[in-house]
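Take a look at the structures listed below.
Paired with chain B in one complex and with chain C in the other, chain A is shared by the two complexes that follow.
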Partner chain A sequence: MADRIFAYSSSPHVKNPRTTKHIMIDVCIALAPACIMGIVYFGYMAALLLVVSVLSAVASEFIYLLITGKKFKQIIQGFDYTSCVTGLLFAMSIGVQTPIYVPIIGNAFAIIVVKMIFGGTGKNLVNPAVTGRIFAFISFTSVMASGWVAPSIGAILGGSSINPLTGATVLTDGFATPTVASLSNLDLLLGTGLAGCIGETCKIALLIGGVYLVVRKVISPTVPLIYIAVTGLFTVCLCGFDFAEFLPSILSGGLILGAVFMATDYTTSPNTFVGNIVYAVMLGLITAGLRVSSGKEVVSFAILIMNLIVPLIDKFIIPRPFGYKKAKKGGAN
Partner chain B sequence: MSIKKGKNYPYGIHVPDRKSLTEDKPIESMLAPEKVYVCMSQHIGAPAIPCVAVGDVVKKGVMVGQASGVISANVFASVSGTVVGIEDIVNALGQKLTYVVIENNHDESQTLFEDMTDFSPASLIERIRLAGIVGLGGAGFPTAVKLSPKSQLDVLIINGAECEPYLNCDYRLMLERTDDIYKGIKYAAAALKINRIIVGIEANKPQAIKAFERFDDLEVVILKKQYPMGSEKHLIYCTTGRKVPCGKMPFDVGVCVQNIKTMIACYEAIDLNKPLTETVITVSGNGVKEPKNLKVPLGTPFNTLVEYCGGLSEQTMKLVAGGPMMGKALVGLNQFTRKTDSGLLCLQREEISLQSATNCINCGMCAKNCPMRLMPMYIESFTLAGDYKNAERYGAMNCIECGSCAFNCPAKRALVQSISLAKVKIKEMKKNG
Partner chain C sequence: MKKANFKKIAVDGVVAQNPTLKLVLGTCPTLALTTMAMNGIGMGAAVTFVLICSNVLISLLRSVIPNQVRIPAFVLIIATFVTIVRLVMDKLLPDLYESLGLYLPLIVVNCIILARAESFASKNGVLASAADGLFMGLGFTLALTLMGAVREILGAGAIFGIVLWDFQIGFFASSSGAFFTYGVFIAVFSLCQSLIQKKRAKKEYQLSMASQTLDKVCATDEEVK
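On to the complex of A and B.
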């Protein structure tokens, strides 16, 4: 018995079995309803884009790790599904008319440049999916921002079944113009009759995913709720206190996808409760402000901007330790 | 009698408590082993100095180690027999300590103190000091020192939270020896000249709460089942609403916190004239065949405990002295029961976490759960970068090492280990100016 060797480590010796991998799988599950609705609305091309996007994201990560000298077995063991989430989010935020090479290039950029070069999971400064999307959008504007396809299911409550706008999800070509109201709020919520990105149109599916994440305690509802509310309210303010703008503004574009799945990304959001509130409020202000002034969909840009400000928020907003009393001069530093 | 609910404290975690293994098992008195290894350093502070020589025949209850200073404690022979060695042994915690080894001659008689005639605070404290009583909850701070604060206190809190998973020794004692605990509490209160006594018990121990209901002069506070409710600072907050300021001690807010086992030791020292020679320990975990609550002489080797409980299973992967959240891992069974021990856990593969650490994903769960409201991820990264100044700025010294951060960390990072390292380094830094 004396020679037996026992495991040795620092306390605690029992731990919550949940790991990063489990969390990322939960996120993938939460994204599933919106993906399925995307496929229902936009057909097999949507499914193809989703699959290609995920595969290219995972492949990019593997190739990077292989080039940097990791063994294939190690990579498999260390694989944590974050690139699957990136791939899914990327495909969900592009239109079904997008050529197949765009997700491949976009994901390669998102994974290799935005994530892996900075040190892999958890070390990236900005959200890979958001940045990858912006990269692709700027690089391939002509093919990504035109030729929007309307979903197979038309608007339920009248309105034209083909969206008169050629932009992504109502917003891109003219926000705060009368055409916004050409679809009812219910249709905006369901995404019926609404041309747009694969995963962005069906808001109800995204919200179901969000509720799943909250129930599984993957995210706290603070950021999405505040972000969505502030965006809506600030839009109302900017449009001359026209409360009819409230619902269309929050149900349009990629706001819900961004608020639930992109703004809540652990790595690129603040670590404290107060910090998260500041972050979400600023996100809402930037989104609404830029939307009204530019007339374009700006959720991903707003998230990118705020991602870069997060380190500052985290630097200045630190919770007070239990029993903290104002430090005497020179005590704290 | 008064029962009330404790104040809510929003930061803490829920740990599967796995107490059912030994919850309903009455405390068994284990036969004294053939040899005991009485450690000279079973408390915080200076080790006791051996005051017997090899070859001496000692009776149970004879002092074998004398306190060497104010923050120190006497150590007594836990069995009668012959001193066969005074040795420096490296134990399974990796500490090299002095042990007095006594070979048992199975003489059941015991040396006792004289009956007390004077029950003044000073003589009560003197008896507690003499009996070598220290905080038996784990810290091992000499109780006599704790009972003689510089300023008058107004509340005595008895810690019956026992929030660590697996452990049941305090719980069993609360059920089986309620009266003895009560008497001990009264002596401690008399020593402190305090009238207000609060017993804090976690809500998952309804029988223990019931047991204490009948005492008119105790306030029973039912605490939410939450980890780490047994932490001194959080216990004080949840029972009295007082916040112990950072870097201060409970006596700064007029509170003294005492452990259940310590109270029994006080009772035995004062009423039964017995020095502290035994302790109650929970031997649990799936790795041991029959988990038990045992009353054992101090210095009993851990392998004797394990054998008494049916031996280790083949699948046992980890041994822990204490609870699974704050206890220390043992490299083997080469360890001997100390005053402060409350558990010996033999854990199997499925009970422990063996995942290796991955990158921090900044999820903030450690900060969200930290009962001290710290940001463990920053303290960790500063520590790993060797930047102890910033680690201190982020409050490393306030850490109580409860393990809430590492418990929930999805990246399985060794947060507690880094923070303990930071604490050591910061102390060194301050010492060197």
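On to the complex of A and C.
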């Protein structure tokens, strides 16, 4: 016994070959269908925006690390693809008419200010892609919020659009006046004829990506499902219990993109199961409430608000430690 | 009475105890008015004038004002000068008066002025207090003008009202941009200060080492003798 050498190490003691890198590559794969559909609908410009966005996100991270004195080789070894995901999500949440400098500036803000200054991957307070998008939205309102281009299947082949509806989406038509939507639910689901951001139009592709992530156990389906359901139900309540609003409200705008890919970010969502339910329900209430009252798309703002409340949720909802019994009220001290 | 150290007052006012970037006083006008560099100069000039005048008067009256009612007395003196500034500016510079708006009368409750009255003018002589007011005001003006210039260039694509290019990042013109710019300015300012301190400490260390080795050499010389 005496000459046996024990290896001491701090926790975690159980190791899994799966690292942040693998998870982030999985997320990239899950985002791929929606990206491809975006390129099919919106043409080469969408592909260019996606590529520029990813490159600028990765470049921002490299430049920041080089300035802080890391060696180039170390950066390559430590690179975990989180900035790729940020870049992809950013490009997917902007319209195809956006000028090329917007993703460059937006990603530089998202990576350097939101992520790296707070300590890099896993230490950021709010989701970088969401915050970068809001930064770009506030900064370049004139070029980002107008001139929506309707998607067309033939765009990549140079054909004309099949459904020439431009401008107002279902959201800008306003939920306040519960009229019959100008687009059918199938149109909303497939994203045909609906103006919108590159990655959020084709809901089917987003749902495929979400199912892939759930199957690979990258995300748990709790948050997206509750978020989407609560948004739909609360919209129905606010529009005078008109259940015809249920499907259009959950199928329009960036709700599915936000619910599946942005609200489930590990760093910026609560740690406990109960906390996650509170988080998702509040997300849904905020999204539906703000949407109906403002008539604009607010998913990214709702996620940003809730990201800031997450530390509070984690503070008040604490899991019961193993073997711990709640002290009886009024018992002998 | 000890002689006032004017060099120290100047360095304290503009750099070492810069009211905006180091003491973080008077943040309300700093955040609200720095959308344009011109606002920074206007606000800075108004505050500097009030600061000098109130410092001088308070320093003159410091033995007369009873300790128990000093704060109301200070506020009364400051309010007098703020009223003068308001009336003069309204007459001579109506545009600037318009753009400063509510923040001009609010100089009365500006922390910088009250803090200097309390911690400096009520304890020091007239000349030193006037110098303190001047340099504190200069530090405030410099910080506000620099922040205003950065926010104007990025947020409006212009400087001092002259349009440079047609490219605006609206974030910097909004209030969230004000907080962001302010934070970055404080960070950069602290970084510069700590770098200077490190350099100074290194120099002192080298000097002390040199004198030690010199002492040793002398000591060994004596031993040899």
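One rule holds for everything that comes next: the second predicted complex is superposed on the first by the 286 of 333 C-alpha atoms of A that agree within 3 Å, B and C clash if a C-alpha of one lies under 4 Å from a C-alpha of the other, contacts with A are read in each partner's own complex, and residues count from 1 in each chain.
One rule holds in what follows: a contact is a pair of C-beta atoms (placed from the backbone, for glycine too) under 8 Å apart; a residue touches a chain by one contact, two chains touch by 3 or more.
Please read these numbers as outputs of a predicted model, since none were measured by experiment.
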Inset, instruction - Have a look and say if chain B or chain C is in touch with more residues of chain A. - result: B
Inset, instruction - Answer with first, second, both or neither: which of chain B and chain C does A:105 touch in the superposed model? - result: second
Inset, instruction - Name the contact category of A:68: first (chain B only), second (chain C only), both, or neither. - result: neither
Legend entry - Partner chain in contact with A:135 - chain B first, chain C second, else both or neither: second
Inset, instruction - Sort out for me which residues of chain A touch chain C in the complex. - result: 105, 113, 135, 138-141
Inset, instruction - State the interface residues of chain C toward chain A in the complex, per the touch definition above. - result: 168-172, 174, 176, 180
Legend entry - Sites on chain A touched by chain B in the complex: 1-2, 4-20, 22-23, 78, 80, 119-123, 266-273, 318-325, 332-333
Legend entry - Interface residues, chain B side, partner chain A - complex: 11, 15-16, 165, 233-234, 237, 243-246, 248, 303, 312, 316-320, 324-334, 345, 347, 351-355, 358-364, 367-368, 371-375, 377, 393-395, 398, 401, 403, 406-412, 414, 416-417, 420
